[in-house]
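For reference, the structures are reproduced in the following blocks.
First chain A sits with chain B, and in the next complex the same chain sits with chain C.
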Partner chain A sequence: MGVKTVLAPIPGTFYRSAAPDQPALKNEGDAVAKGDVIGIIEVMKTFTQIQAEEAGQLVRFLVDDEDAVMAGQPLYELGV
Partner chain B sequence: MRIIRAARDLGIATAQIVSRADHDMLAARMADEKIEIGPAQASKSYLNINAIIEAARVVGADAVHPGYGFLSENADFADAVEAAGLIFIGPKGQTIRSMGDKAAARSVAAQAGVRTVPGSEGRTLPSGASRLAEELGLPLMIKAAAGGGGRGIRVAHSVQDLEQMMPLASAEALAAFGDGGLYLERFIERARHIEVQILGDGTDAIHVFERECSLQRRRQKVWEEAPAACLAPNVRAELCASAVRLAKHVNYRGAGTLEYLYDDKTGEFFFIEMNTRIQVEHPVSEMVTGIDLVKEMIKIAGGDPLSIRQEDVTLSGHAIECRINAEDPTADFRPSPGTVSSISLPDAPYVRFDTGVYAGYTVPPFYDSLLGKLIVSGATRGEALQRLREALARFQLTGITTTALLHEHLARDPDVASLNTHTRWLEQWLEGRSLEVPALAS
Partner chain C sequence: MVIEVIKPGLRTTVQDLGRPGYHHLGIPMSGAMDRYALRAANLLVGNNEEDAALEAVFAGPELSFTDRRLVAVTGAELPPKVDGELRQTWEAFIVEPGQILSFDFLKKGARAYIAISGGIDVPLVLGSRATYLLGGLGGFQGRGLATEDRLQLGQSMARTPKSTSVPEDLRRADPGEPVLRVLPGLYAHRITEEAARGFYEDVWKVAPEADRVGYRFRGGRPLQFVPRKPPFGAGSDPSNIVDAPYPYGSIQVPAGTEPIVLHRDAISGGGYFTLGTVISADMDFVGQMQPNQKIHFTPVDMNAALAARRVEAERLERLRSHCV
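Right, the complex of A and B next:
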């Protein structure tokens, strides 16, 4: 299994769940289908879903929930 | 920036709180001191009451100005500041609490004799349509009492409409929410957003005339003017008097704004809510009255009584403010953070640009997209509009995309020029319109 590092497409605040009281969208070890929402990045009060561009298995997150991320910063590793 | 400038005028030293992502902002450079209160995430910095109060203690502050975002309308914050033995530059926590709650504010308005949008008090059932129509006035919006978010709203233009729609709406509400109760409210087809600026010292209150902010997108104001040119002098006087009545009724302290809906058809105005803070668009009121609102609110917080009498507040000319946001108006207003490479401003005595950005500054992606406010005044609305077109043509901010292009179009729009607008006008105007085509020269 190869491991790909997925980068943040935009800068902002990274969230792992859709709302503070919701469970995480994906956990480490979860299977990921193309188009699955991995997380959300908030930029200037606008929320953008981060979708998987390909299927695989989520190996690990490289940022924490609510971390500030820059565009191009590694977000998570995907086993493909 | 705005607050630091006002404080400087009064000979008061300032300290600016910053998050880890905000060290480069202009206000932090300009203040006598800056102090970091936490990481980039607002929840851990600008919304962290304890961290802010601790910072105030560290720098030895006497007073805290809450600005117009984040905790500026948070009653618990106001209470915490005062409990720490500091002055909160704004109203009492109790006032924020009572005016911040919509239902409570409605009942306060009723006590002060200020009209709110006519609505059925509480829930109603599908009977007695003609009585309700007479009581509240047509057209009426029919809403599910248990609903929210605009779902299933119907508009009845006649008693027959009401009789037909109410049972249907009730059945639908029952199916959707398990509750068939309805709520009726007057539907204002062409509503203008008009708001009155007030200043109070806890005992006395005055108005600083009104602003019109009908150009909105997603309930966010985009363009504001003072005064509201659509108002007849007697309506203006009545509107401003009602705001003063309400402010006095709650013993308001500081700067505040009472927001109203104005029905263009009937000339009626209805109080909707109060903002218990200084607002983004306050400069237009300053431009047409010559009053420094921020300075006044600081002086009041220091215990001074109002230094301006109502009869000394006079209107002179017209002012327009355009909010310059880091958003791309050609791409559904997508946020556009990044580094500002250059900025050039028209230099004229009637132009004011309130901003926190400069060439080389990187706009962080974490907070609001507002970059600055371009404010232009003139002897008449026509002159202000002409000067605004000129100012926008010469305004340049490169490196990131801004909403300046939207304003160039609006400043040349015939409906904007003739005041043929209302609160839903801008969203309708934007639908299917390409802003990439240059604005027509007039």
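Right, the complex of A and C next:
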């Protein structure tokens, strides 16, 4: 299995769940289908879903919930 | 004669130099957040500098071309690609019919200006093609671009550009540890001297909410206000005043906690005190700041503000004589 590092497309605040009282959208080890929502980045009062561009297995997150991220910063590793 | 939007990016709008003259009616100036970059992009492709181009924030769109055009991308370091092949920013390049313009990840800055020879031909509204998103005014149907939009382009370039690239010294200098220069006023007397000192000492970070309306900052100490009995018409919060006009660049601090620098799409008046105004020479740079970027504010007097404006005006003159 190869491992790909997926980068943040935009800067902002990274969230792993859709709302503070909801479970994480994905956990490490989960299977990922193309189009699955991995997390959310908030910037300019807009929430952008970060969708998987290919299927695989989520190996690990490289940022924490509510971390500030820059565009191009590694977000997570995907086993493909 | 048209470009087709395959992907809009995060928020891409049609902008020109703005819509001055209606601020007293509550209609903001709008227009490019980084006006110098917009002018440079237009000059590189042979447009008039006030022509309409695209402003893309944080992420670029994907656009399909139907005829041969000259394109230039300036402002943020958002590397353009033609059919997947990288092109340079601050340089004009040709896009052929059927080719696709897309963008790599943002490397630096916040807003890229994409000028296309002929300009974006949307109707003039109150004398401008700029998009005012909150008011649904101007630009392409008063909104940001969406997938499948077809943007009409102008006929042809106004002239043949003299140069196809902007030299390094005429691009935005990397300010390193950026400082925003502030002319104190109009309501600076509302905070204590110690609070004013603290405001100019503290490190502030751009909040993720920062947008075309205003740039919000966090991280500094809360401001202490001079005690007073609220005047008739002002609210009870010490940061409230009797409603007054807000200049472009003015810094309001609601409840004394998070400063907001009002930018191109800001409302023209309201009931928060303003402790100063970011000088016009630094406003383009505000529009290029990313979330979480650290900055300082520093007070300057009117002479320093006017001298800084002259430096900017001279740089623009050098850009013009290089390109035209």
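Observations on the model:
Throughout what follows, the second predicted complex is superposed on the first by the 80 of 80 C-alpha atoms of A that agree within 3 Å, B and C clash if a C-alpha of one lies under 4 Å from a C-alpha of the other, contacts with A are read in each partner's own complex, and residues count from 1 in each chain.
Note that in this section a residue touches a chain if its C-beta (ideal position, glycine included) is under 8 Å from a C-beta of that chain, and two chains touch if they have at least 3 such contacts.
None of the values given here were measured: they were computed from a predicted structure.
Once the two complexes are laid over each other on the shared chain, residue contacts for A:Glu66 go to chain B alone; chain C is not touched.
Of the two partner chains, neither chain B nor chain C is touched by A:Pro23. In the superposition on chain A, contact of A:Lys45 is made with both chain B and chain C.
Comparing chain C and chain B on the residues of chain A they touch gives the larger count to C.
Using the contact criterion defined above for the overlaid structures, shared-chain residue A:Leu7 touches chain C, although it does not reach chain B. Touching of chain A by both chain B and chain C, each in its own complex, is seen for residues 10-13, 42-46, 68. The part of chain A that touches chain C in the complex is made up of residues 7, 9-13, 42-46, 48, 68, 70-72.
Interface residues of chain C facing chain A in the complex, by the touch rule stated above, are 10-11, 57-59, 105-107, 208-211, 290-292. Remark: chain B residues 21, 39-41, 43, 326-327, 334-335, 337, 365-369 touch chain A in the complex. Taken in their complex, chain A has these residues touching chain B: 10-13, 42-46, 66, 68.
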